[in-house]
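In what follows, structures are represented as structure tokens.
You will see chain A twice below: alongside chain B first, and alongside chain C after that.
Here is the complex of A and B:
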């Protein structure tokens, strides 16, 4: 190989290192995933508007949330219903700090850190006490604890704002009134929400790459082996409960950090936003639609479900308007039926793509 | 065979229950250091349960299991494995969705491969080099068995528990496997080997113990069993005769 050829390959090697030598798949799939990264990187400029910016930020946050859930479900075979609880703990960490009179970045960092620490401790306790049980009992325990956390958030009004939640001021640089540049850049005013988006994007990218490194480390190898047969792993000298607890803690910390970002983006937090069971269903949908056991699947799943949640109604409205003369069909495509169509999409994907969209794309290599 | 000082593993009066059923009824067994002990007997005699009880996968209800002077009775399976005991179960115990390399790496994580150990194992099982990046689930039965044994010996082990490694393998594969077991024997690895194939037992065994109905009914030197056809017939009967 000539030096020139080595030079040509250097960016590829660097990219490969960047993704822990675990690229999405063959070249077309790699290009596709890179395109998604670039679209998210330039989302404020490609899709101007408050709604589009909110949707993009939500996708970034859900990528972390869903990928961290996949660490448990897809990589280790643990079914937990408490993931939104950790998401909520992170969000409440930031929300409580900012709503209770603390100001500035110190409060944000402290709130996020405290949320992550509390999530880690609770996850460790749940793991150590429950992960020896059979899978179904562990799932039921996490469901009970998540329900308890939601009730606590709704009842402890002094701290959490109860069902109304907490509204708070974010640091000045993140407020809509803040303008980073005097003039628009590429036609877009770089204000607080745009800066908030880029913080969410950067944190999501960093956390995603950290998780990718974890699953491609010896720890990730043990986790995948546990998913396949925990008794064989024990017979090789590994403490399965310790590894499962470790992955629960890691997953909980990631979810809490995602929650902290959500609070910053919304400038609000309440039980319906970060603790609800419907959010847990969304996470499960995203993992299954994207594909379990591959963090890239979390990216695809998050994009598909978030876009469907926000734009499926618009698509249905267009279809319904186009077939307005056909009574039954028009009613079937009425925008209010979007959940029905989301359900149909989910059933079709589970039926025809049991390994999820990304799993299917990757298996073509 | 007596409970001499060279016993690497000693079982005394081990009883094991599975659910409501008692499978082992007071097993007394010795595996001597640096030797291959064959555990023989018909199907359902309790051989696999004995190995699983040693590994802590089933808990002994009564009795003592002592490995190199240390009692295993109260230890969890991972602790037992970390004492240097490797278990190759009857169903091979490989991870089908992981590659051959990952299966091997699992036995050495988090340190990774020590090159001399890897070279030694790949010399014994050259097939693994060819299939290095293939999913272990795609290997043939014999190849999976090779992988399972290779994984068990990639790190230095003090005791190998191997459960019917030749079951269902072609004669050619059995030959390769016997070769690998003989190399382990030459390295003075202590092995407790469950086997139904008497050809394999006579090729690699130093000592033997025969089980029936959850008890050890006879022990001795393998050479004595090989020389005594009447004893073979009396102890092993039809179950082993079919393989002879």
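Here is the complex of A and C:
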């Protein structure tokens, strides 16, 4: 029994409308996801400190990035390696606007919009040119194009700052020196970074709900049908290429907006931060670990992988301190080898748990 | 008459592309550097061919695109460093025979190590994902990360030096064009391997089975061949070729780091797309094209060098959406 069917319990029905009648699952799982939402909503107060705030903001941004990637991978069955390119385009949109000396909200909005528009056009072109071919072609071509984008960002020094990237000032309200209230609230000074966090959180929540609406619309149904049996959908009269291109464009716009937020949070943008292939691997890890084909999986995946990135190193450091004498073992548990362990977990999940953590939780009887 | 001309043109245009580029480059660059660059391009192409041919064979036969193929390049390069370390007595002498012997030992070691790893890899990873393209991409990307990290665990995170043998340093002059000696040696070795592969595929019974398997797997199976065993054999051969490519590339660069395979991945994919997935002949032409383009453009417009191959790929795809030599089934 889904939430929608539980009679006329008003608040529940209202909540159900809010998530497009696609709640995470049964009651315990719903409560669990709601708890995650609340923790994220009060993160600056629950986990004080600059590092914790950075981690929480990163989680919010990655939720959009990963959920939009899941629109393609999990819902439509397209593997793209150009998602970081769109992320980077959004980030560079804001970064270039602000770095060229125009510091204001107009610059932020214009940069984000321009980034999203450029991303949409490029995604449409790539989609129309290569989505007709086999899925594997699309993956390889996007890989090549993404590396081309990275080269362009590194070489076009006047615009992008080359490999050094761009450092810039954000609007006054978002700076650390700005205090919203004269006194701390609940022991926390509400300064620029906290406000930036709440902007990221709010945008992430809104975009997430929009994507949830999309996948539960008739469009979402067609996308899933394409994933299951492309030929049959084509035979039923749907233009498969058009739908695939549409989802590429949508996903690219979402990624660009996530990139714009990333630039605001970091007050810096460079090729390593938003365009690197290792970031693409991170996204894949998050989608697969969280669970493909359900947007909530993106939330779980982002949280698990971002926390692992920041804190697995500490765990590994304490393990390697404990086994300091053994030569091979201490190399295996070196703090810099966290990607090794994440990679092993990734392979194990693809092998034994293809539906991911969230998929597993949802399908439990 | 007009129609048959057009047919002829269509059939031969893919073959004519490489000589055409070489000829066009001649007046653009000038005869002196042109010869140097052409040899450099051919050498780079042949090294890329070793890596790409393994991948295209695996794809053609088993329908598996192994994104972890680069990892075997890396392993080959690192094994070379390990093997050549105790042989330092052979490589520092100026005797050409001893130098080549040392390189031969390293080449075989790299091929054996990568092939053996390929065997384990097929068993552990690839076997589970036959016929599931999405999971193939994901699991091989994951495995790529794991192998690269394991390489760092074994050989350490710092780049290792791999000096060229004494008699293969420096250049010989043809006319006024300097040509690196190592390039000539690598070109010879690469052509020998390519020729051996060609003879194996065209002149042996097993080669016939492999080619038939690329064309129609079910039919080969129905005729009583154990296709799974052929799969494993081809997978090991493909990864061994990648290891050889890694050995030659690492030796050429004289340093080896854990990214050496990654740096080739994109070029290899471009070659596969240009040549047509699954086609060994197309792969050869694609590799030579990419090698030549990189060197010519690197000379004419250094800033464009990295991106030139991607532009080449885009141009060829606009002309022939399925590559120069598309396979019937793929």
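Convention: the second predicted complex is superposed on the first by the 333 of 365 C-alpha atoms of A that agree within 3 Å, B and C clash if a C-alpha of one lies under 4 Å from a C-alpha of the other, contacts with A are read in each partner's own complex, and residues count from 1 in each chain.
One rule holds for everything that comes next: contacts are C-beta pairs under 8 Å (C-beta built on N, C-alpha and C of every residue); 3 or more make two chains touch, one makes a residue touch a chain.
Just so we're clear, the structure is a prediction, and the values are computed from it rather than from any experiment.
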Touched partner set for A:164, first chain B, second chain C, both or neither: neither
Touching partner for A:277 - first (chain B), second (chain C), both, neither: second
Chain A residues touched by each partner, larger count belonging to chain B or chain C: C
Chain B versus chain C as contact partner of A:21, first or second or both or neither: neither
Partner chain(s) touched by A:218 [first = chain B, second = chain C, both, neither]: first
Overlap of chain C and chain B interfaces on chain A (superposed complexes): none
Touch list for chain A against partner chain C, complex: 73, 77, 79, 129-130, 132-137, 139-141, 143-145, 147-148, 151-152, 155, 277, 281, 284, 288, 328, 331-332, 334, 336-337, 339-340, 342-344, 346-347, 350-351, 354
For the chain A and chain B complex, residues of the former touching the latter: 218-219, 221-222, 224-225, 228-229, 231-240
Complex contact set, residues of chain B against chain A: 55, 57, 76-78, 81-82, 86-87, 89, 93, 95-98, 102, 105-107, 109-110, 112
Residue ranges of chain C touching chain A (in the complex, touch as defined): 65, 125, 128, 133-135, 137-139, 141-143, 145-146, 149-150, 152-154, 157, 262, 265-266, 269-270, 272-273, 277, 303, 306-307, 310, 313, 317-318, 321-322, 330
